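Here it is: the structure, laid out below.
Letters A, B, C and D mark the chains in the order given here, with residues in each chain numbered from 1 onward.
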Amino acid sequence: MKAAIVGASGYSGEALVRLLSLHPKIEELIVTSRSLAGTRLSDHMPAMRHIVGDLSFSESDPAALAARQDVELFFLALPHGVAHSYAQPLFAAGKTIIDLSADFRLNSTQKYAQYYGQAHPAPDLLKSTPYVLPELAAAGWQTSQLIACPGCYPTSIQLPLVPLLKAGLIQASGIVINSYSGVSGAGRKLAENFLYCERNESLQGYSMPAHRHLPEIEQELEKAAFADVIVQFNPHLAPINRGIATTIVAKAKHATIDTLYSCWEKTYQASPFVSLLPSGTFPNTQAVAGSNRADLAAVYDQRTDHFVITSCIDNLVKGASGQAVQIMNLKYGFDESCGLL
Amino acid sequence: MKAAIVGASGYSGEALVRLLSLHPKIEELIVTSRSLAGTRLSDHMPAMRHIVGDLSFSESDPAALAARQDVELFFLALPHGVAHSYAQPLFAAGKTIIDLSADFRLNSTQKYAQYYGQAHPAPDLLKSTPYVLPELAAAGWQTSQLIACPGCYPTSIQLPLVPLLKAGLIQASGIVINSYSGVSGAGRKLAENFLYCERNESLQGYSMPAHRHLPEIEQELEKAAFADVIVQFNPHLAPINRGIATTIVAKAKHATIDTLYSCWEKTYQASPFVSLLPSGTFPNTQAVAGSNRADLAAVYDQRTDHFVITSCIDNLVKGASGQAVQIMNLKYGFDESCGLL
Amino acid sequence: MKAAIVGASGYSGEALVRLLSLHPKIEELIVTSRSLAGTRLSDHMPAMRHIVGDLSFSESDPAALAARQDVELFFLALPHGVAHSYAQPLFAAGKTIIDLSADFRLNSTQKYAQYYGQAHPAPDLLKSTPYVLPELAAAGWQTSQLIACPGCYPTSIQLPLVPLLKAGLIQASGIVINSYSGVSGAGRKLAENFLYCERNESLQGYSMPAHRHLPEIEQELEKAAFADVIVQFNPHLAPINRGIATTIVAKAKHATIDTLYSCWEKTYQASPFVSLLPSGTFPNTQAVAGSNRADLAAVYDQRTDHFVITSCIDNLVKGASGQAVQIMNLKYGFDESCGLL
Amino acid sequence: MKAAIVGASGYSGEALVRLLSLHPKIEELIVTSRSLAGTRLSDHMPAMRHIVGDLSFSESDPAALAARQDVELFFLALPHGVAHSYAQPLFAAGKTIIDLSADFRLNSTQKYAQYYGQAHPAPDLLKSTPYVLPELAAAGWQTSQLIACPGCYPTSIQLPLVPLLKAGLIQASGIVINSYSGVSGAGRKLAENFLYCERNESLQGYSMPAHRHLPEIEQELEKAAFADVIVQFNPHLAPINRGIATTIVAKAKHATIDTLYSCWEKTYQASPFVSLLPSGTFPNTQAVAGSNRADLAAVYDQRTDHFVITSCIDNLVKGASGQAVQIMNLKYGFDESCGLL
């Protein structure tokens, strides 16, 4: 099978190249980049010298890509506001598209406009696009031609919370979420704020109280809770390359720590990429770096009748590239873990 | 004036040696260490080679220290459960003692026993010991002979919250606090968990939901609120040497972001070490590293009617050694900033 | 095929567990640890939760291991001075042993005694043990029952230098080698020097001028040069988890940069794990982290008629665990890259 | 006394602002920046909020600065190729100028053109400009109106080598120098190479074999040796904010480690900023970070008859801003350490 990665020059794109290059079901990989077309991938991503051989970046023209007869599957590792301009012609040409951007994550075009500063460019296509967090998505999404991958913060938040909201074990109101992300979450953007000397030895919040991932988080938690959900979401940057550590405070609803863990166990018993840590131990970003695994744990505070829930993922893998490969695996009937261990 | 640092071999002790060595009012410094007595300080703390000259660690015998006629002021940079055994004889000998440990911070001997795992060793002395966060302490503490310095997390939490609780601008219930600390907060303890390779590229929570600083935090917030205060306090470790970044969610009580800032401005207008950042910007641990300054900021979320408050301090300076020097300055009538810029 | 890792609790052992757990030719893995016997591996190495299942550490008794009928292949990831006590009974029992320690690397028992502070414990076994850097080892080693893996620094040094010395392109005398290693090179040793706060923001030399790897380096360079080789070897620690960056200055012997690169190309044309970077670019430890690849480059300085040669490896992979797996692959006739991409 | 820092927006400029703001002999500080003129310094350099008050960046027009009657002393913290355009009018106006750039460091205009890619813009002024490394500069430089500060790498190299070359204790030929620098050495340049994720976990060489500091290093070593000096200089980047660690290999010339240390002791006995570490211990960048101190040590290798010399400085302090303040102190007759402890 052939696959193409459109926009492979960023950190998520690079992580996706690594996974697909080594994936046993992918025999040929096309990688495109507007800025790097014509150059060898290994010159820009030296960590993959022994994996990618002479693979070069090709042009990123949407129409030309849509016209290729030999490629059926496209991954879009593009910025929001750009991805749709590829998704539309590829969709029209009958291709399968796994979109890592935010363009098709929000059901509400109004929220898209509010948080991304532009009218949604393809509202019709949006309607038929499922949002797929593989462990939690409703059955049937595999037949969709275009699939939206969740964002990194939302993944670290939905995995612990969605089952608990569905089961009614926590209150839907008053949830407080603090997340710390590695700097790769900002991509390869050239801004003073992301220079080594600026972020080293630095812990700092940003984009509070209305980060762009907020409507995505609330949208999915509302589906789980069958109720309005308004959360406090506090994102921060920390001096690590990869990883998100999320800590969530949620009020228990006649639930104990045992019922919480039982709910998680039931939900994730067949999931190769969700790991439950004993209560009283705490996930560590280092332990998930480079992996598609999410680590979850929780403690119960009887003083406050709240659960304190902690989760860690690699923002570039389970939060982006690995999740996209997991979606591919499930859509095409491969083993869910294929190429992801 | 002569001063002694008892237990100068840890990270806080080291930071205190630096400050007092360069302090214009201290003409001679005595440093003690049970483990390093007889060795030169510069051999263990090479960063201070050009500052401390031939200063050597001396013995740490409590009785012998109490008997010294030439030293009036003692800083205790000792672990909890050890500090009191110095504080008692020094107090009896009429010395002034600034204690950086937790031994005299909690008014409740019951809470001390619960959180520190042993009966309080000196309940009588405890009663007469004020807890002094200089910017917030009630007038009159300067006449006390023994003074308890606040802990690092509590300092980063009280500075933003105490004025707001006193002024009734936030609700005393439902406060959620997330803090990330640099690894120096763990001291020089030899444990696998604090090895470079374990903490590098790692973000991880610990000691939830009942960290030892919790009763100290609640005790002081209760004094400010004139009400019971039960907070959710989530401490974490991050791969930086120094700094605490705290993010607090608190419900507004008929207050706006302007009234919040006005309250802070009024409280801290004469405080050289509290800096208010504009709403929408965020404190950064890097900016306070090595300094006695606390940076505070807040945003208001109209969706939730909550404030999100962020603060940063250097855990070893404003959270320990610098605070102790600031207390000394105020007690002895020196300029508050003396030796701290 | 079954394999056992003896002493799997260190960083190299952990890296080896990861590689062998995912290796397509290994169907069962036994891991032993004196200190962790009876406990689950995933509790100590959380990064491998989704890979190792319920694998537990078993006892490390040499005689019992030697008596196991079901295991033919043993990896020794033990400290020097300990490995031999396993190698001897395993050898006697006819097992195949790949030893990652220093116990069988030096041909000279005198040098072993001098640099490792004890008489060589098994001089007879030493004589029949080949030192195998797979890209450079003389043919025929595959029939040996016990194989010594090279050290991390020596690997980063031999790969660039051995072909040049063999070809007579550089002078054997006057070679100066500077290496910087990630902190994992020190293992999980509990010493103040390896605490996070001590190594963070720190660059520092150590063990000059006679690091333990020096005799190993010189021994192998001498074999290549057919001459005495005395090098200046300067090891340092840098605040990264994994990687060695080596910079070598060697006098050209009527050679140009083109002849140097031709020699390397000829030597490594069939080697999947040696990558040659264009002259004027420089290897980066980040690019080899987690990989079994070595990156090499060189520039020629006409002012001094010297080559400046740079190489990078991951000390735990190409410098230890990956190299051991590569040796296994070659010994058993698997593809050289099997399980290593 | 008033002083102006021209080009205060870079890392060296920022470090200089800190030192001069707290310097007891400077009562007013003017800071200029072409890009930040009109904005408050504390908004860009939040670490100095409590030190600099409302200080704002002013315009950087050379003529206007030269015309100011109230300022006598100017520090140029500008890129090479820009500094001279300020130095010339300021010199003509009779001002004192301490130049931190490379514009007046090289005696040879030919070398300047070769290494900096442009003809020297002010050869006449160059002739009368002394190069001042305070511990080593020939007497009499204090009367000069324009003074060139050494570069960071050259400072870490000259301090150990110049006395030894002057005393004839090492050979002038065959010196090999390896240096690792913190990332702040690259300044605030927006290039992908200096993004956090690119430099974190990365050790990498660059600019070999002809870094721009090479002619400066050789020029000063030649003055000391009274002979041609051609060195091998290998610069690298390491993931720390501040610091240079230099390791030098030099052949002994009938000298022992004791004569080497005696020579250093004699040279630096009155120098507050050079610290000699016992042979067998090794300087650490962490120990000099934020300080104007240089730490030196050496070992003798009898196998090679070479010394291995190690030195550490903070590239932004002893390698730039601190050195400039030290020069000011000496030129104006202040205590050499004034404002530098």
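Everything that follows uses one rule, which is that a residue touches a chain if its C-beta (ideal position, glycine included) is under 8 Å from a C-beta of that chain, and two chains touch if they have at least 3 such contacts.
Predicted model, so just to flag it, every value in this text is computed and none were measured.
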| item | value |
| --- | --- |
| Comparison of A-B and B-C by number of C-beta pairs in contact, larger one | A-B |
| Over-half contact-pair match to B-D, picked out of the listed pairs A-C, C-D or A-D | A-C |
| Distance between chain centroids, defined by C-alpha means - subunit A, subunit C (Å) | 37 |
| Inter-chain centre distance, subunit A versus subunit B - centres from mean C-alpha coordinates, in Å | 39 |
| Whole-Å separation of chain centres (CA-atom averages), subunit B against subunit C | 46 |
| Residue list for subunit A, restricted to those that touch at least two other chains | 198, 200-201, 239-241, 284, 286, 289 |
| In the complex with subunit C, residue positions of subunit B that touch it | 11, 182-184, 188, 190-192, 194-201, 239-241 |
| Subunit B residues within the subunit D interface of the complex | 22, 46-47, 49-51, 201, 272-273, 275, 277, 284, 286-291, 293, 295, 341 |
| Subunit D residues within the subunit C interface of the complex | 174, 176, 178, 180, 198, 200-206, 208-210, 230, 232, 234, 236, 238-243, 245, 247, 249, 282-286, 289, 299-301, 303-304, 306, 308, 310, 312 |
